[in-house]
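Notes for the one structure printed next.
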Amino acid sequence: MGEVTLNHYLYLSAILFFIGAFGVLFRRNLLVILMSIELMLNAVNLSFVAFARNAAGSMDGHVIAFFVMALAAAEAGIGLAILVMLFRNRTTVQADDLTLMRD
Amino acid sequence: MDILSLVTFLPLFAAVVVALMPARAVGAIKGFALAASIAVFVVSLKLVQGFVANPDMQFVVDAPWLPSLGIAYHIGIDGISLFLVMLVTFLTPITILGCLNSISDRVKEFFVCVLFLETAMIGAFISMDMFLFYIFWEAMLIPMYFMIGMWGGERKIYATVKFFIYTMVGSLLMLIAILYLVHQSKVQTGSLSFDLGVLLSTSLSAQQQWLLFLAFALAFAIKVPMFPFHTWLPDAHVEAPTPGSVILAGVLLKMGTYGFIRFAMPLFPEAAIRAIPLIATLAIIGIIYGALVAMVQKDVKKLVAYSSVSHLGFVMLGLVALNTHAVEGAILGMINHGISTGALFLLVGVIYERRHTRLISEYGGLTRVMPVYATVFMVVTLSSIGLPPLNGFVHEFLILVGAFQANAWWGILAATGVVLGAIYMLWMYQRMFFGEVTNEKNSGLKDLSLREIAVFIPLIAMIFWMGVYSKPFVSRMEPAVNQFVEQMTSYRAAMNAREGAVVDEAMLSGKPAVDVKVGEN
Amino acid sequence: MTILFYLFAVLAVAGGLIMVSQRNPLSGAFALILSLVSLAGLFAMLNAEFVFILQVLVYAGAIMVLIIFTIMLLNLNKEELEEAPVGWMRLLFTAVVCAAGAFGAIKVFSGLQPPAVDMAADFGSIEAVGRLMLSDFIYPFEVISLILLVAVVGVVLLAKKVI
Amino acid sequence: MSNMLWIIPIAPLVGAALNGLLALIYSGREKGPNERLISLIGCAAPIISFVVVVRLFLAMRGMAPDDRIIETTLFTWISAGAVHVDFAYWVDALSMTMLLVVTGIGSLIHVYSTGYMHGDRGFARFFSYLNLFMFAMLTLVMAKNLPLLFVGWEGVGLCSYLLIGFWYKDIANAAAGKKAFIVNRVGDFAFLIGMFILFMVTLHLGDPTLDVPSLRAMAGIHHEAFSKVAVAACLLLFVGACGKSAQIPLYVWLPDAMAGPTPVSALIHAATMVTAGVYMIARLNFLFEMAPAASAVVALVGGITAIFAASIGFAQRDIKKVLAYSTVSQLGYMFLAVGVGAYSAGVFHLVTHAFFKACLFLGAGSVIHGMSGEQDMFKMGQLSKHMKITWLTFLISSFAIAGVPPLAGFFSKDEILWSTFNATVGPEWMPRFLWVIGLATAGMTAFYVFRAVFLTFHGKDNVSKEAKHHLHESPPAMTMPLVVLAAGAVVVGFLGVPAVLGGPNLFHHWLEPVLAGHAGGHGMGVGAAGMSAVTVAAEAGGHGSSSMELILMVVSVVVALAGILFARVLYVQMPGAAAAFTSRMGGFYTLVFNKYYVDELYERAIVRPGYAIADKIMYRLIDAGIIEGVVNGLGITARLVGATLRLVQSGVVRTYAFFMLIGFLYLVYELVK
Amino acid sequence: MPMFTAEMVKLMMPLFILTGGACVLLGWSAVSTRTARAQGWFAGVVHVAALASIVSLWNADGWPMLNGMLIVDRFGLFFAGLCTISSLGTILVSGNYLARFDILRGEYYALLLLSLAGMFVLVTAYDLMSVFLGLELMSLAIYVMVGFRRRDLLANEAAMKYFLLGGFAIAFFLYGMSIMYGLLGTLNFKAIVVEVVGRGLVKSPVFLFAIALILVGFVFKVSAVPFHMWVPDVYQGAPSPITGFMAGAVKAASFAAFLRLFYMSFFPAHAQWSDIIVVLAIATMTLGNIVALVQRNVKRMLAYSSIAHAGYILVGMSALAIDNTRAASGVMFYLLVYTFMTLGAFALISAIENRTDSRGLELEDLSGLGLRRPMLGFAMAVFMFAMAGIPPTAGFFAKYYVFSAAVERGLVTLAVIGVLNSALSLYYYLRVVVYMYFRKSASEQPVHDDWGVRVVLIASVLAVLWLGLGPSGVVPGIETVLGWTGDSLERIVSLR
């Protein structure tokens, strides 16, 4: 266990990002997919913050991380609203049921 | 407005006027369309009158259109395009007159199509700017597409879509070739120009030439149509309404052959010369194949369609024979085919209007009930099979002489088309016109009306005129053709000099290089 | 410090993994909270005071509450909530693709040699970041407000029973 | 003087146009146009031509033999590149001979037709066609250049087509017309190629031309260049001639052509058009002389055709068919003559044949007219009682064709036989062989012609009652030409009385400048090399011993008489013998009766397979199958691919995301590598 | 440093007008739901005002403002204007449509305005931050509008799919942004060029990795294969006016930022990414066209057609060159033309679409339209021919433009594939014409063409024809629009 460098943070962010991606690809529950996207955005934030600290030396990353969070909130809101609407009409939260349109 | 632009855009103007007329004023629309097309013809006569027999482009207009893209409104005619333009202006009123009664559905749209088509066709023949040419070339498709699709027969949709896509495939590749050529020209000259004159002086490597030529040749070969790209034609012809067939056979097919002589061959002379054996082979196959397949057709329109494949094979053979008389024969052939086959389709249209069938077996003994019709049909048939001194013979003779001169086998093989042509046409004629009237429905058929006779008189007159006295035509095109042939042969001479005259030997199959000498005379 | 990093890292990854592997979204949500909180810890380690606070407040707090609240709101029974088990092949396939992505990213990052940078004294402080946000980033700040406005309107339009 | 030349072809053309117009105008009406008017126009046209021809002939006789040329250029027909073809007429002694025959006999037949076609609904149309034919034939004869000759060549073919199918209601007639045209076209194809070869030679020599006089002049100068291609060119031209003149293997159309009205058969298919091939070879004799091999082929084909057609003539029942095969046979004779280099003999036979064969046909026509359209000889007999003039003229002509002296046929045929006997054409055996064939043919000709005579006019009366009721001698309009022609058949022979019989052989001398003269025109130096042995031996006729000539003459007369006698025995004296003989011959008779099944052979070997190939292989397999298959296949493939690819669009979001991730990995891979 | 000068306010006026209008609308619609028609009018007026201010700014010649976050230059204004026109058309078409489906709400117009504001942010973006926010503002509003037919199952599904995948894609984009930020310390377009070239990072894997990630965001929005899969479903499920808006304005705005970023910031690495764009272009054209062949649902078919058009535009993207702006102006011209074609086509579809069941609008429903309603048929035929690229319509010029750029760039094979695709596409475009003109109508579908639809159709037809016949005024105009590239490209060259 050497010293923790920027690269470690980046590795972690990459791992988290692709765990999130895995969640999007693998899970059928729309809620979980939504959360997986949140996880991906968090991985991005980690990357921003880590870069801000270790490479850029500016706090721009922090500001951007804030914006990403705001966006994540907005997205969560819209996403959940769509989910609720969908659930009202279809009574399902499973992504695989959304196949009225295909081919 | 200069006279050439006037001829070109007058039909378009008329089309717009027709489009603005109330759809219910059928009579007025028909009358106006006819009058307009006749007016175009009359105006176009000024072209012939003002034409001077020299190889230069005449009535030239060269105005900037999109200067930043190197595109100009550059038009002009020489001896080669003069008569093709005349063919358009001549055939259009005849076509309109011929279909006055047969088109009863959506008359307005129909005449808009015809007049729009006329502008596009003339435009394609006079464009000296590749881009302009391409625009007109493609613009022809749309009215034709509608003509077949809206007023066509049972399988019209299949036919018209096939026609459209088939021709588009070729022309799109040509578009790329044009773009590439222009780009090369830009690299060499430093300025962007689609002008044919500028592009002609572009120097290209052998491989570039070859690929570009193939792209051009494909587009034109589909349009001609040369074997094996001909299968759209029978379908399109069979399903097209009479005027559609007339214009399609009369003019549109010539776009292909014209494309070869105006663009594909002069732009890429070396590739063209290399491709001559291939083109000649396909042309000869087309001649024989088209004739044989025409022979077995049960549908008279299909028969005529395949006969076009055969006739256009002659034209192509004449073009690649590369001697003055063959090329002139080819150009005459384009015009003659336009007249004869146009007339044939009109004739078929006459009978189709009365009986609504095109099956040969439905007819028989028509001479008895429609003697005038039979006579006209006979004259046209004879013209089509190249009976001297009707028009068909002149061009076939010139082409065959020229082809024989270029390569004895070409002449011999192509000449079999003369025999086969007689077989299928006369057999068809026999089955339709001779014998007893076997089908009751035919016994009461009316002979040609005065209007219909009026349609055919100019055509028959042309058939005789061009057969007996083709000099006014040939003398006007000769300078331009000579120039074309001289250029091509000088390229060939240069190539032969480079390659040790191997090609020459092969091409002339042991005969001395007489054509080169003729070119020099 | 190193140990702390690894602790948070492991927790974050574990939280993520649990989230994506739990068939019940509610459990997943809690796992995600674990992950987010761990990340907050990492932010703190990176001197990102402002982000750390927001992470806890907004993310682990507000957003996750919203999600959990929605789950509850939908009032799903177990069958509706949980998804059917997924085939192994699919798991393997997806995992391999994602692993490839992660591996690729790591490989790319491994070549990165970040320059040593000096850090301002107030680096990451709320004040500094706030100042930055309202000066250099005033335009994005305004735009994000529009985004939130859209979100508000959208949620109302879509989720309200009767509009 | 030469200005009058244009009247000769134009007069019939105007006639054709006028009558054609009348025919068309009246086509929709109940009644046709006035027959008198039609007849007037129709007959006036050839007669005007004939008058002009006679005037010109007289004028020409006044010229020095070597200057006997009248020509006129109307306008430039084709002028493109190296090809320059004038619409030019050019008459020398040879064409003058032909002109006389064509316009003379043509006029007679026009007159005859006014009677024969009386009452036919297509009266005007008929005369229009007939006049048009005259125009074409005259153009053929007078053409200065080969393309123009070809115009006439094709033109007569067209008129032949139209006239054979004149009674188009019977599809068989129309089919016969079409067959004639197409078979002719096969010949024309070769003709064209032959013409091209000549053109190439002249082009190569720097003076591209197809003018006959120029060709002749150039052939004299550039002997070597011409002789290189002469064989090929001549053979090809000969194939063309075979088509037009119904020689093996292209003779099949002529018997069928009898479907046309009988005057047509007389004019076109006996007297004029079918001799065009002979005329053309005589016209181009300078070329054929350079190609002994080609000449040998001509002679051989002619000889074989002669005997072959004669043998078929044995077994025909239709009187016109007999005459048709007879024509083929006689044409073979003419080719034999020109093949062995006896051009003047060939042309002479052409002239005499025109008279007696036209007379025979018109006589047959008269018979048919009288018999209300019956053509089967076995349903005739004893007609001599009813149709005296017809019978007499027919008989005279029959003697003429059989070669009984001193009628026309005797002189011309004998000259051919004698020339053949003396010829040096081909391998050594050939002249004698051909002579034997010729002799045999002479005998056979005598036999079958008299078979026809006896069956028709003598022998057993098989005329049906109904026919007998209408049986009558034809009107004067028909009998008058018969008489004139019969008189001709008697007289014209004396134009060519050979030297051995003390005659001046006027005909031979008349043609001499044309047929033997080209060498003379350009000095003997060329001539010695240029004139082949064929010419030397044959043209000079007198080179063989005169006693030999007399002996052979007697032999041929004996053979002819034997043939006549044999026919008399079989068909008059022992009516049963013919039937017995026929049954004895059995299979052979059937073979002959069916014309050796040549038509069937063509049908099976060429027509049907050709059609099948065109239909099954070209149209259905290649066109509809392969090419359309590829074209539509491309479309179908695109749609299939589309139908497959759309399945990827499963509707499942995760799949979409999955593809995005794959795409992302691809981007990373490509970019970072 | 004064934050806002009067000049800057003027330059950002369109944005202020749009957002201000949106806020007013939101307030208005919160208090009154009955006056939705009037709200639509108001939105239209706001559009016109925005358009007017865009036009008035044409010669303003902006500079990077607000810490280099945005630049209101002609390039941006061109696209902003284009999007505004498209949006205005959408408004004109929407009224009747919304009323018919009983979703006529003022918020709809507000969202449209906000989305358009997002587009403005996007097309004037001079910093990745702005790109990101513009994308999100635009997209979030559209997510909502896609799902605006709340009771329609297809609309629900479309909104959900679009939202999930959009979020997924934006995560990649952000990730790329973060790496770019970390590597270069800046997200400003110009600064990126300076840093990349200055520090010799052109071939750096990290930089390229970041490009790949950012590219995902763009190619998702412009629907390149294999990031296209949301398109058919979303286009089908969305309300037709919105589908037209997405196909036209969204695509144009996305391409604008895409073009600006890649033609400027990432252009030093052109050699690295151009091959990818070529591959994407080929895949996109081909797949779009091939699958469109087998579609019977009109909207779905046009969705695939829209994918194919993205492919053609990508041809132009791949042919971007440093020494001339042919490809860039080709892309711009293409988008200009495509916006009109697609606006018109979807306007017509909006007028025809009646069904609420899952079958949707099928080709059969168009049967005989050209015969029943000649003007509508003519308009649709013009759009179809234009999309197929047949002269003398503008579609031909557009294709000509991008393909000629490809040829000049030596991408002949790509151009050949492009034209073959054009030929392939003919089949399904012509099929629409076939149904409209050559088939008798089975059922007489009512056509709800109110004056709004007609205005849009007439304007689109005129635009398509005019741009096809005489783009002489437009083409040089576009070339001058790209003046900004001249400056930056010279700079790039000098930095090398």
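Order as written gives the chain letters A, B, C, D and E; numbering starts at 1 within each chain.
Following the convention adopted for this analysis, a contact is a pair of C-beta atoms (placed from the backbone, for glycine too) under 8 Å apart; a residue touches a chain by one contact, two chains touch by 3 or more.
Because the structure is predicted, anything quoted here is derived from the model rather than measured.
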| item | value |
| --- | --- |
| Mutual neighbours - chains that touch chain A and chain B alike | D, E |
| Central chain (distance from its CA mean to the mean of all protein CA atoms) | B |
| Contact-richer chain pair [A-C vs A-D] | A-C |
| Reference chain A; chain at largest CA-centroid distance | D |
| Of all other chains, the one whose Cα centre sits farthest from chain B | C |
| Chain B and chain C, separation of their C-alpha mean positions in angstrom | 70 |
| Centroid spacing, where centroids are CA-atom means, of chain C and chain E in whole angstrom | 31 |
| Distance between the centres, which are taken as Cα means, of chain E and chain D, whole angstrom | 78 |
| Centre-to-centre distance between chain E and chain A (centres being mean Cα positions), rounded to whole Å | 26 |
| Residues of chain E engaged with two or more neighbouring chains | 129, 133, 136, 140, 143-144, 147, 150, 159-161, 164, 168, 182-183, 205, 209, 232-233, 295, 427 |
| Junction residues of chain A, two or more chains touched | 6, 17, 20-21, 24-28, 33-34, 50, 52, 54-57, 60-61, 67, 71, 74-75, 78, 82-83, 85, 95, 98, 100-103 |
| Contacts with two or more other chains, residues of chain D listed in rising order | 635, 646, 649, 651, 653, 657-658, 661-662, 664, 668, 672 |
| Pairs of chains satisfying the touch condition | A-C, A-D, A-E, B-D, B-E, C-D, C-E, D-E |
| Touching residues (chain side chain D, partner chain C) in the complex | 658, 661-662, 664-665, 668-669, 672 |
| Chain D contact footprint on chain E (complex, rising order) | 160-161, 164-165, 168-169, 172, 205, 208-209, 211-213, 215-216, 219-220, 225-227, 229-230, 232-233, 272-273, 275-276, 279, 287, 290-295, 424, 427 |
| Chain D-touching residues of chain B, taken from the complex the two chains share | 162, 165-166, 228, 230-232, 289, 292-293, 295-297, 323-329, 332, 364-365, 367-368, 371-372, 375, 382, 387-389, 393-394, 397-398, 400-402, 404-405, 408, 411-412, 415-416, 418-419, 422-423, 426-427, 429-430, 433-436, 447, 468-471, 474-475, 478, 481-482, 485, 511-512, 514, 517-518, 521 |
| Contacting residues of chain E [partner chain A, same complex] | 129, 132-133, 136, 140, 143-144, 147, 150-151, 153-154, 156-161, 163-164, 167-168, 170-171, 174-175, 177-179, 181-183, 185, 187, 232-233, 236-237, 295, 300, 358 |
| Complex interface listing, chain C residues touching chain A | 1-3, 5-6, 9, 12-13, 16-17, 19-20, 22-23, 25, 28-29, 32, 35-36, 39, 42-43, 46-48, 50-51, 54-55, 58-59, 62-63, 66-67, 70-71, 73-74, 76, 80-84, 86, 90-91, 94-95, 97-99, 101-102, 105-106, 109-110, 112, 114-115, 117-119, 123-124, 128-129, 132-133, 136-137, 140-141, 144, 147-148, 150-152, 154-155, 157-159, 161 |
